[in-house]
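Two complexes are shown next, each including subunit A; its partner changes from subunit B in the first to subunit C in the second.
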Partner chain A sequence: MPSYQDILPQVYEILRQFTPEGKSPTEDMELVADLGLASMQVMELLLEIEDQFDVSVPLNILPDVKTVKDLVTQLEHITSQP
Partner chain B sequence: MEPTYTEHHLPLRAAGFRTLPEALDYAALGQTGFNFYDGKGKLYEVLPYKLLREQAIALAYQFSQLGIERGSRVAIVADTRADFSRFFFACQYANLVPVPLPASIHLGSHQSYVEQLRGLLINCRPAVAIASDDFHLFLEEAAKGLDLTFLGTPAMFSQLPGEAVDLPLPESQDLAYIQYTSGSTRFPRGVVITQQMALSNLSGIIKDGLQVRPGDRCVSWLPFYHDMGLVGFVLGPVASQLSVDYLGTRDFAMRPRQWLNLMTRNRGTISFSPTFGYELCARRIRKEEVANFDLRSWRVAGVGAETIHANPMGKFADTLAPSGFNPQAFLACYGMAECALAISFAPLDQGLNVDHVNAEHLAESREALPVDSQMKSDSPQEKERITSFVNCGAPLPDYHVEVRDDQGHPLGERQCGTIFVKGPSIMSGYFGEPEATAEVLAHDGWLNTGDIGYCINEHLVITGRKKDLIIIHGRNIWPQDLECLAEQQPGLRSGDVSAFSVSSPHGVETAVLVIQCREFDHEKRNNLVERLKGQIHQELGIDCLIDLVPPHTLPRTSSGKLSRSGARQGFLKRKDWGHPLQQSASTIHETTTGACTGSVS
Partner chain C sequence: MAIFEKFRELAAARQTLMESSMDPFNVVIEQILSATEAIVGGRRTILAGTNNYLGLTFDPRCIDAASQAVQEEGTGTTGSRMANGSFAGHVALERELADFYGMATGIVFSTGYLANLGILSTLPGKNDVILLDADCHASIYDGCKLGDAEVIRFRHNDPADLEKRLQRLGDRTTRTLIIVEGIYSMLGDRAPLAPIAAIKKQYGAFLLVDEAHSLGVLGKHGRGLAEEAGVEEHVDFIVGTFSKSLGATGGFCLSRRHELELLRYASRPYVFTASPSPSVIASTRMALHILRTSPDLQTRLWDNARHLYKELQSLGFTLGPEPSPVVATILPKKEQAVALWNGLLKAGIYVNLILPPAAPNGASLLRCSVSAAHTEEQISKICQAFASLKPSP
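== the complex of A and B ==
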């Protein structure tokens, strides 16, 4: 069961393909407002996450995810479920 | 688990139902039904119409014991799940009015989604509100302090007592449902549709538009809170006894190939999407995987719900050609929730019929003069003189369309004006909004569609919109909602912003917000743009192009009001976007007839 600290670098790695060169994400950055993800990129990001972590991201967590930290926290929670 | 059959012994009955319960009663005699697939393509629930009917009636008994009046509203958060259809049809048997609520949530949208739900609940004043486990907490938060007889999940509802009683079945004049045309909290527009309206539109769609036949099977990822998803792919299949394979809307957006997988797997024949769905597939499907699909059975690839752009459609057809996709299957249609769903369909099996017209002449005289499409290959200057629109076909039988000028006089062939429509499924009005209703619906039954276009031999060609409504990915967005978000930013005030949509150089509908900004600091300007983009995404789930301009850039009308059409014209000029002449064709129109979105083919 991966911890927050295990998941974070993997999420950074995935985010890299969606963010402009030279903009490195930090935990407090907002995915849309700071990292500039477009709505379809959000979908592609979720797809990458589902595939890489082999999880299903429930629809109802999205409204409470703004920052990278929120996303990783939710992933930690999802991956800890049986 | 096995999906429901495509073919069965029950003779196809395409019309003659007076009410939705009658339609389901008949469909329940066969072996077809709804099939729900998850994002990874796994079939997780099968709901044959026979079972749907039994369960809907059992729920209707429970509704009957809540002691609520006939015609009371039942708000249902409409995610793509079997429970939605159970409750929707339970309302039909109990003579209650289901109101599908949007299940569209985005990153960080918690607060705005709850506010949106609350606005709609306040507007439709339901007695009961239902949401699946995924949405229950949002609904509960939204309904805080509102007077409801019951609020909960389907599982909670199932605990209610439910002895068999005589059900108060609806008559044809009773309301079938209320459909919100946009999720706007500021401008809720709940279209009121009766049983008769719904059934007459459905019979036109089934018999004339699609000419449904034995062997047909539907596939849909369209949201159930959208007219095309609800009327076209929940009610339509019931009223024509067809099986449907459903994929959630978000699952489609994440994995568009699942749409084509489903088409392949069960030999789907009928599926619809706004242009953007085809565009998304063409962009995301890899060349080497095309051979995995078999799309030879797909006989109706419908397209509508937003301006139809021929270019991305052609790209889709080219990309998927090796899988047997037939471009003749493209079926352009025109319609709106105010008319239940459909107004016109292009002829079947003919593909998209694109009308090439002289842009300059259209701009000057509002007449769509055809040009030889061969000219397209000529010089770039010639090319710029052409603008192209997709023909949306003839109105359904019993529907009448008129193109009128600004004084309300009917216009002739190929004359561009506002489209009015009359027919058996025009709404009775917007729920609880008599003024908004009176703005679009005349006493003589003619509906002002707010769209602009022209007719060729009774066939309808849409060139743009007169009303300011922005349609992105098939979703309706009011410019006022975008403008309001911008005006709330520090340092900006009302009158500093204007929102509209344009057709991007790639032929994609794009929302634009022009802002008069007094800030000169580069970083602060960037922050404003990023912050606003984020908020727009959270609230409305769309991307928006933000254009900062100096004060006094936005044009005003003679009465001092901001002119969205003028702002749009200025934007296109600054950006030098697309066909200058074609775009100016649209904008010159606007000065006289309102906003007009052209489609570049």
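== the complex of A and C ==
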């Protein structure tokens, strides 16, 4: 079961596919407002994350995900489920 | 005003678009002439973006049925069926649709959008799971959002990805509703329904197929993709619309299970909406009868669709993955799509412009929808206009 600190760098790596060159994500950055992801891109991001961690991420988490930190916290919770 | 602040970016994007174009999302049809022609911007224009697949909007039999219903039953129902009662036509149409599909029962909704809202907000509950194809229509997403089920996407038209997600659900698969579409509205591609139905059966899940764009278009009898793929017995719910092949407005859901009837008491988008007007029901019933008895309409539709797809392909346009009555031209740059859309309209051709993020994979699309009512000459004119306006690489 990966920890927050295990998940974070992997999410950074996946996020780089979606963010403009030279823009490095940080934990407090908002996916839409700061990293410029459109709503459809956020859902595409989830598909990539699902493959990486071999989990299914329900769309129901999205209202609680604004920042990179929110996303990683949700993933930590999901990957800890039996 | 503060309440409009959140639309600031949208307003800027709209402003930029309007500097080089008329508003592609608010086109005024000044006069409608037929199922395939209208006056737009003072110009006679071929309609190639109205989903009027069988061209029945001007069929004299449908018009007569609607006119008679207005004379005999009035202009509207003035309320919901729960409050005001059902007209005999509502009930008859539900029976005819269920009979057409060989289903136990069916519910008519006031629009196709409301059909998905009505079913998906209500049927799958708190402990249930929805697995939906990533390219599903906004009405499916919105219905899911209104409900309490856990919602998981799978990669578009990828049965292996669907199965992977089912495996992760363990014993929850029997509480899972899989949702796919017969024909996807953006690129015109079909769901790989035979393998999806096999997976559904293997895991004991439920399957809902939205046949909005495939009713009257696919299958020997026009029932849609499930009929064409030979898997109707594995489909638990069919959702569809009257606003495409049936030439009116409204939607429906059919099921093998009589329990669907219970949604009449629980589905807010059914309970709290005015029911379809008598004229709409009457023309839809007539259109369904025509669809069932005139297979030549489907033949003409497909002749036109293949003609347009083949011509645009030979012109070098990048198209959706397979010929279908939805012929989508994919353009890498938004500006190219906007310019081509404007050029086509000036040449008297109306198609749909789809800009990111509405289209899959961040693309821009010019989406044509072909009709059985298009003449060969009209299809040729559409092709000529595309040829003369093709953007340089």
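Everything below uses one rule, namely that the second predicted complex is superposed on the first by the 82 of 82 C-alpha atoms of A that agree within 3 Å, B and C clash if a C-alpha of one lies under 4 Å from a C-alpha of the other, contacts with A are read in each partner's own complex, and residues count from 1 in each chain.
Here, a contact is a pair of C-beta atoms (placed from the backbone, for glycine too) under 8 Å apart; a residue touches a chain by one contact, two chains touch by 3 or more.
On a predicted model such as this, the values are computed, not experimentally measured, just so you know.
Engineer: Assess the superposed three-chain arrangement around subunit A: do subunit B and subunit C clash, or do they fit?
Structural biologist: After superposition on subunit A, which the two structures share, subunit B runs into subunit C.
Engineer: Can A:40 be said to touch subunit B (first), subunit C (second), both, or neither?
Structural biologist: A:40: touches subunit B and subunit C.
Engineer: Figure out whether A:5 sits in contact with subunit B (first) or subunit C (second), or with both, or with neither.
Structural biologist: neither
Engineer: Answer with first, second, both or neither: which of subunit B and subunit C does A:31 touch in the superposed model?
Structural biologist: In the superposition, A:31 contacts subunit B only.
Engineer: In this superposition, which partner touches a larger number of subunit A residues, subunit B or subunit C?
Structural biologist: Looking at subunit B versus subunit C, the one contacting more residues of subunit A is B.
Engineer: If you stack the two complexes on chain A, which partner ends up touching A:81: first (subunit B), second (subunit C), both, or neither?
Structural biologist: It touches nothing on subunit B or subunit C.
Engineer: Given the touch rule stated above, what does A:55 touch, subunit B (first), subunit C (second), both, or neither?
Structural biologist: second
Engineer: Both subunit B and subunit C touch subunit A; at which residues?
Structural biologist: 38-40, 43, 46-47, 56, 58-60
Engineer: In their complex, what parts of subunit A are in touch with subunit B?
Structural biologist: Contacts found on subunit A: 30-34, 36-40, 42-44, 46-47, 50, 56, 58-60, 62-66.
Engineer: With touch defined as at the start, can you tell me which subunit A residues reach subunit C in the complex?
Structural biologist: Answer in residue numbers: 38-41, 43, 46-47, 54-60.
Engineer: Touching subunit A in the complex: which residues of subunit B?
Structural biologist: Listed in rising order, the residues of subunit B that touch subunit A are 38-39, 79, 103, 105-110, 113, 134-135, 137-138, 248, 250, 253-255, 280, 530-531, 533-535, 537-538, 541-543.
Engineer: Which residues of subunit C touch subunit A in their complex?
Structural biologist: Listed in rising order, the residues of subunit C that touch subunit A are 134, 144, 150-153, 155, 165, 168-169, 356-357, 362.
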